């Protein structure tokens, strides 16, 4: 705990995930004073046909 | 905001997602009076072996 | 199944939730051809200090 | 209702999911006194590159 | 990891949560062979006006 | 999009949320190259009786 979920479109690189996992965990550890071992980050990737904004699928806008 | 998540079994068509994204966004815009650009819809698809009801996997009932 | 979650700021009325529950369930039943008894809708309300866009808390923008 | 989500690393067997779906549904039915038909369980599987603990991706620790 | 979320109507007792946390963690530890210290359970409670089935709010059915 | 959810125990200050919202949005904007206006952060607070680790409620460990 805390558990962080980042919901985003598919297609990001391993390097982007590596950087985000490290930076977000550092921000939470610094700000909330928790043990880094207790911080979990999940990347929840969605294909663009499974995301919509303003009623239009991302794969079609 | 608002963010809508529709959790459902895999296998729906692009057309079904297109219709649902448009109709749900319209219902929210009309009822809550928010800007459609601020309404996000996510389709979260699960294989039938990853869903259970009454203790039985959907892939086996 | 399907399970719909609507994540939104707190403060909406019972009537708005009543309308949205009915309209969204109807859209899903019509579009996916599922039994309405199998459609669950959850309203997940968040105080404005617990939501941020562009790095600013809703309660302060 | 209730709706249970088990978020875990990918790679578990069908048999493990079968056992967990049955045992968790039984625990909830027994403890909360609800109808098993109203209990849904979702297995949310994540690849190890999409999970991090202490700032490190599971696929790299 | 794994992270379990139990979404249910508000109003359950501390004793029910105590029993469910212990039984579900034991089922996961036994079945997936993971360290109990790595198993997190969250109870996500919703008021009945924030849950709907078949288009009707729980608080009105 | 992306939508970030931070699930944590209740009791954090407004200032901690302000700092986290800003730092996490900046990390995502920098790393994924997205428009900050498209980044949403939600703080999902749970009372300690609604969180368990290793089968024990946080409120009792």
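Odds and ends about this structure:
In order of appearance the chains are A, B, C, D, E and F, and numbering begins at 1 in each one.
Keep in mind that, in the parts below, a contact is a pair of C-beta atoms (placed from the backbone, for glycine too) under 8 Å apart; a residue touches a chain by one contact, two chains touch by 3 or more.
Only a predicted model underlies this, so the values are computations on that prediction, with no experimental measurement involved.
Common neighbours of chain A and chain B under the contact rule above are D, F.
Inter-chain centre distance (chain A to chain D, centres taken as mean C-alpha positions): 20 Å. One simple way to say how far apart two chains are is to compare their mean CA positions; for chain C and chain D this gives 24 Å. Computed centre separation for the pair chain B/chain C is 11 angstrom, with centres defined by C-alpha atoms. Residues of chain D in contact with two or more other chains: 1, 3, 7, 40, 51, 53.
Taken together, the touching pairs give a contact graph of some other shape, not a line, ring, star or complete one.
Applying the touch definition to all chain combinations yields A-B, A-D, A-E, A-F, B-C, B-D, B-F, C-D, C-E, C-F, D-E, E-F. Of all the residues in chain B, the ones that touch chain C in their complex are 1-9, 12, 16, 19-20, 23-24, 27-28, 31-32, 51, 53, 58. By the touch criterion given at the top, residues 7, 46, 49-57, 59-60 of chain B touch chain D in their complex. Chain contact summary for the complex, chain B toward chain F: residues 1, 3, 40. By the touch criterion stated above, chain A contacts chain D in their complex at residues 14, 17-18, 21-22, 25-26, 36-37, 39-45.
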